[in-house]
């Protein structure tokens, strides 16, 4: 693979990318100390120099870097007692392999679908509305024919909290992104707040997940933040288009 | 058809096939110039092709007929098939509430006025089509804009009639169906929180 | 009907005409039971009528073809007429899929119902924008929530129609694209072997 020729120069390691991968899997380089963003930047530079995009290699790189990111995030998120810290290099290699195979499998299936679609080129279907005379007639329901209890029942269903999410492969996180999203939205509804306030008294894992939830809110356009100096206080506030004016992604999609 | 007599699998000439396909695909009548431009041929050839199709799709021969309408040509189902079409497409349907509509209606009834984004957040999925149907059926109506500019909804008199209610105070007490009655927060906050938790499952 | 010699005036039997009209009118593929119910006849008679129509609308004969797609029967334009259709309707029938969209669609097609986080996990990258496009094009749709509350997706009839599939069973077994055990073993080794050869001095 052309990835082998990708030279990485980091504080913790200097050499070809596939060697770094191997050393990480053999735990000879601590993944926690490998700045993955720098690897991505190196790769982008490499692409720019070559001036051409090898899709095969690019896909392979993305799959590998994604696997590394997941491994790293597991290491960061799991508690000291987590058995995942003791993950064997062979296990990690298996995990990477399984992931590459899975991705390859559906990439091939995607190719098949595209071929099917291409074979149907030129086939069109009629999409005309039904003649007026045939449109469905709707008979209005009689007055008093619906039970008011129907409405109460619906509210009861909507009040039910979903069961707690159990991410079996990460062990048992004590806090979910969904919870922290709800927490942050609750704070936002009251006005601006500082990140420290949002995680006061929380453990390391909760802080990490809260930060993740904050990024999600930022992505959804519901919140923005400001940090005047590094390591200073992070002030979080609702964006001009406040939460009430914003629909969740699902609503936007269906539009 | 102009093919020699007795030929079983005679083919329709290419131009007639093209015209047939275009008429089939188009919801509106197509004029001879339009057909000629699309097929990149002369109008005379199109007229000839239409004449050929007119024979094949003559009334009473098939389930589809060729009609000249509004300065153009169109394919239509034969009137003799209308009864079956009516059975398939236009069975009169009693307006009942789907689960999504009932949920949306309940949210509007208990929290009105309420905006569509809020409804979507409580339901965890888009409420657009349910809201549209409820508006169409006259069970909810627009109720101005929220302070953030989002359109709000409230229930109508028609809604009260459908449920046999004198006024909104007669809505049943939600406590009967509350899965965790010990919770103290306001109904709106609790519904939003539960909805966000449901939608948040995606982000996990 | 049984006109002698000249099959020119030959009429299509009444049931076949009805079925033809229903297929013409319906935007979605119609199944044999649906057709039988609408025509108030038995399924065997409908199958026979469809066989007759299948001959008349055989590929290459006319501008319209009869297709078995998406769990039922439907009429479609013959691909040979596509150029003219594109000129008339001035838009391609379906923009091709990007690699990301095709991959996401393949994952949904094979593993449905499946949630967005699961898709992202398999692809190794977010599937948000691909999922949005597929939803918008009607190739996938929402299919309720998983036990963990995440929204799930499945493919639509529209997907089957556009990809020329009768049903999902027509998709080949995904294992067909698995690398051979030898290739897998080689890949596995490769992850460790490359390092062992060089691990000695190079680590910084």
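What to note about this one:
Going in written order, the chains are labelled A, B and C, and every chain counts its residues from 1.
The definition used in the following text is that a contact is a pair of C-beta atoms (placed from the backbone, for glycine too) under 8 Å apart; a residue touches a chain by one contact, two chains touch by 3 or more.
Since the structure is predicted, the reported quantities are computational estimates derived from the model, not experimental observations.
If each chain is drawn as a node and touching chains are joined, the picture has every node linked to every other.
Seen from the Cα centre of subunit B, the chain whose own Cα centre is farthest off is A. Each chain gets a centre from its C-alpha atoms; the one nearest the centre of all protein C-alpha atoms is C. If you average the CA atoms of subunit A and of subunit B, the two centres end up 33 Å from each other. Distance between subunit A and subunit C, defined via averaged C-alpha coordinates, is recorded as 28 Å.
Rounded to whole angstrom units, the spacing between the C-alpha centres of subunit B and subunit C is 22. Listed for subunit A are residues 124-128, 130-131, 134, 162, 165, 178, 250, 253-254, each touching two or more other chains. In subunit C, the residues touching two or more other chains are 24-25, 75, 77-78, 80-81, 85, 142, 145, 148-149, 151.
By the touch criterion stated above, subunit C contacts subunit B in their complex at residues 5-9, 11-12, 14, 16-22, 24-26, 30, 34, 37-40, 58, 60-64, 75, 77-78, 80-81, 84-85, 87-89, 115-117, 142, 145-146, 148-151.
Against subunit A, in their complex, subunit B makes its touches with residues 21, 24-27, 76-77, 82, 85-86, 89-97, 99, 102-103, 105-107, 109-110, 115-118, 120-129, 137, 146-150, 161-165, 170-174, 176-180, 187, 189-201, 203-204. On the side of subunit A, the complex with subunit C involves touching residues 4, 10, 12-15, 18-19, 21-23, 25-26, 28-29, 55, 62-63, 66-67, 89-90, 93-94, 96-97, 99-114, 116-128, 130-131, 134, 162-163, 165-166, 178, 249-250, 253-254. Partner subunit B is touched in their complex by these residues of subunit A: 124-131, 133-141, 143-162, 165, 167, 176-179, 181-182, 185-186, 213, 216, 241-242, 244-248, 250-251, 253-255.
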